[in-house]
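Please go over the structures that come below.
Below are two complexes that have subunit A in common, paired first with subunit B and then with subunit C.
On to the complex of A and B.
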């Protein structure tokens, strides 16, 4: 028998603005991503110095996740039962380019280890897992667009197989200053009664 | 005399993206790792690159790093000895 799954909370970060559960929560007049995301960090008072060492993709993922997690009640769920499933299009391309630039010139060849460690898209899931000590299943898909049907099927299967009791899901993409994070927490109980289905997820994703 | 130490503090803040740390926050004698600035293993690699990039010193034996990068003082001492 299928489990009744709900969306416990969701966050959207795009166009210098952040929404929580469909309500605008933070807006900046700053169009530059790096300045905007630093403002968001201060606004939500993360107190996590490691944030500043992350690349842009991970900063975007961590802020979006933070807000969704803070607005979900996961206190009763064991950390090894909380999964992370994310998707994006550009993988870690922004940081790949930065690393490539640092090794282009053989006369000025100083590849940065702290840049190199972010040349994988799934590091964003890792950074969220480290921050929140989530130890459940995690997966990162690189696809041409947010495949909501695949996400629905994959996450539902994780619940059905009994591997997780909650899951952070979403689309987190960053490429050449274009960015978008849509993240949501799926769990088995919710007084808010937002059903986890394809239609609802599309509505969350499409809200501008 | 302390010019190199101040320069190193500035380079570390920039190279390691220590956003909330200012030059005055780093004590010359304080440990850089562990209880000090709380640097990690990736930061250690970044310090090796920093030494080569800004001071032209290549560390061939990474095991030397523990002593060299103990503090700003030990880094400065190593650089001066290398350039003498």
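On to the complex of A and C.
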């Protein structure tokens, strides 16, 4: 018997603006990502100095997750029952290029561990896990586009197999100054929430 | 419903181009790790497990349009093709899915020193996946799992879920990573690479050895003569540190508990633990705590890293494949590089090759980002 699953809250970060549950919540006139995301950090008052050590992909993921989580009531759920399932297109290529640049020239050779650690797509899940102490299932997919059907199948399976009681799901992509984060919390049904299905997720993703 | 059988497998590493070549060397406890003095990979000499290039040149000669594929893609094609020679699977079916497991894919394409003719867009992991699945005329969008060093175990767990829920009849899970300059320079900057061949769980261990490998398993809802099932899986996050393991082993222990519960086995009935065992001081310490907590400290355990190094995105798959041969042959392979126990809580590290019953296996992996994963394999 499958459980009734809902989307408890969702956040969208793109084009220097942030929406919560479909409503615009923060907009910046700043087009540069690094400046915009710093403004967003201040706006949401994260008080999390580790944020400034992160690469752009992780900053994007952490801000998008923060807002979705803040707007979901997860207090009753044990941290080891909250999963994180993320997808993107460019993996960690933005930081990969930076690390590659540091080793391209033997005369100017400066590989750095603080850059190299961010050359994995799933570090964004790790950063979110540390910030919110989520210890449940982990998965990071790299795909040509946000595959809502795959997300639905994979996350539904995790719930059906009894491994999780809630899940942070999302598409978080950063590539060559283009960026996009759509994250949502899936949990068990409560009347005020919207149903977790492919159609609803598409609506959330497609809102401009 | 639990019918996810492993019906075909392949391993490509320094030890050979198919599984039987690997098994032959595992029985003799013969490692493929050698000194490497290739300044295009790293300015100073280091140890590595590398695939024989001249043999690859020979093996790849009958791949159609071979020049349209990168080295890693050629390895995937050879690996999948070897599996197809063992089992009749319709790759052109909508009910067959390709799942790729990799950390860095065609990362060599990013280098300004890259001299091949492949378009840089194939550094995107999904582009690499598409090139290979299209070569095999598979109509389904391929899935790439890129979750650090647990990618292979996660990919196999996902394949199991998708077969058991009836979404696919067959899933080809293929994992690979190269010993690329990118990766070696990065782990060197972390001071994570040992000057000697890695020594998992040993008192004198001081770091990893990088290896390159490609490995494939085909999971099917039909047994096709196989009696090995992927019975259960689980994953977790330590939520502790992005580049260091948990101090307590809690994350790994939780992933194992979920895999054991889903696999419907008793911890005491596990015959063999194929652990991650990277041979860094902290990883192996963490594993010793997690395994004692779980209660598998007396069960024979090894790390395969002493044979072919840490093969990153291929690691979970090649080590699952090696474990299935342990099960089919009822034999336990020595934990290569291990001499004297050097972990805070004791483990039963396999010190010599031996014949023994192997019906239930626990396979684990842990990686950067604080992630852990486990799989339970069961012989019917």
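Keep this in mind: the second predicted complex is superposed on the first by the 207 of 208 C-alpha atoms of A that agree within 3 Å, B and C clash if a C-alpha of one lies under 4 Å from a C-alpha of the other, contacts with A are read in each partner's own complex, and residues count from 1 in each chain.
Keep in mind that, in the parts below, a residue touches a chain if its C-beta (ideal position, glycine included) is under 8 Å from a C-beta of that chain, and two chains touch if they have at least 3 such contacts.
Since this is a predicted model, take the numbers as computed values, not measurements.
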Subunit B versus subunit C as contact partner of A:49, first or second or both or neither: first
Touching partner for A:95 - first (subunit B), second (subunit C), both, neither: neither
Touched partner set for A:140, first subunit B, second subunit C, both or neither: second
Which superposed partner A:181 touches (first subunit B, second subunit C, both, neither): neither
Per-residue touch tally on subunit A - higher for subunit B or for subunit C: C
Partner chain(s) touched by A:6 [first = subunit B, second = subunit C, both, neither]: neither
Which of subunit B and subunit C A:112 touches, first, second, both or neither: both
Subunit B versus subunit C as contact partner of A:153, first or second or both or neither: second
First, second, both or neither for A:19, with subunit B first and subunit C second: neither
Footprint overlap on subunit A, comparing subunit B with subunit C: 111-113, 117
Of all residues in subunit C, those that touch subunit A in their complex: 43, 103-105, 107, 110-113, 123-127, 130, 141, 143-148, 150, 154, 158, 161-162, 165, 167, 181-182, 185-190, 234-243, 250-251, 254, 258, 262, 367-371, 373
Subunit A residues touching subunit B - in the complex, by the definition given at the top: 38, 49, 51-53, 110-114, 117
Subunit B to subunit A touching residues, read off their complex: 16-20, 38, 42-43, 45-46, 49, 52-53
Residues of subunit A defined as touching subunit C within the complex: 79-80, 84, 89-91, 93, 96-97, 99-100, 102-104, 106, 109, 111-113, 116-117, 119-123, 125-127, 129-130, 132-144, 147, 150, 153-154, 157, 160-161, 163
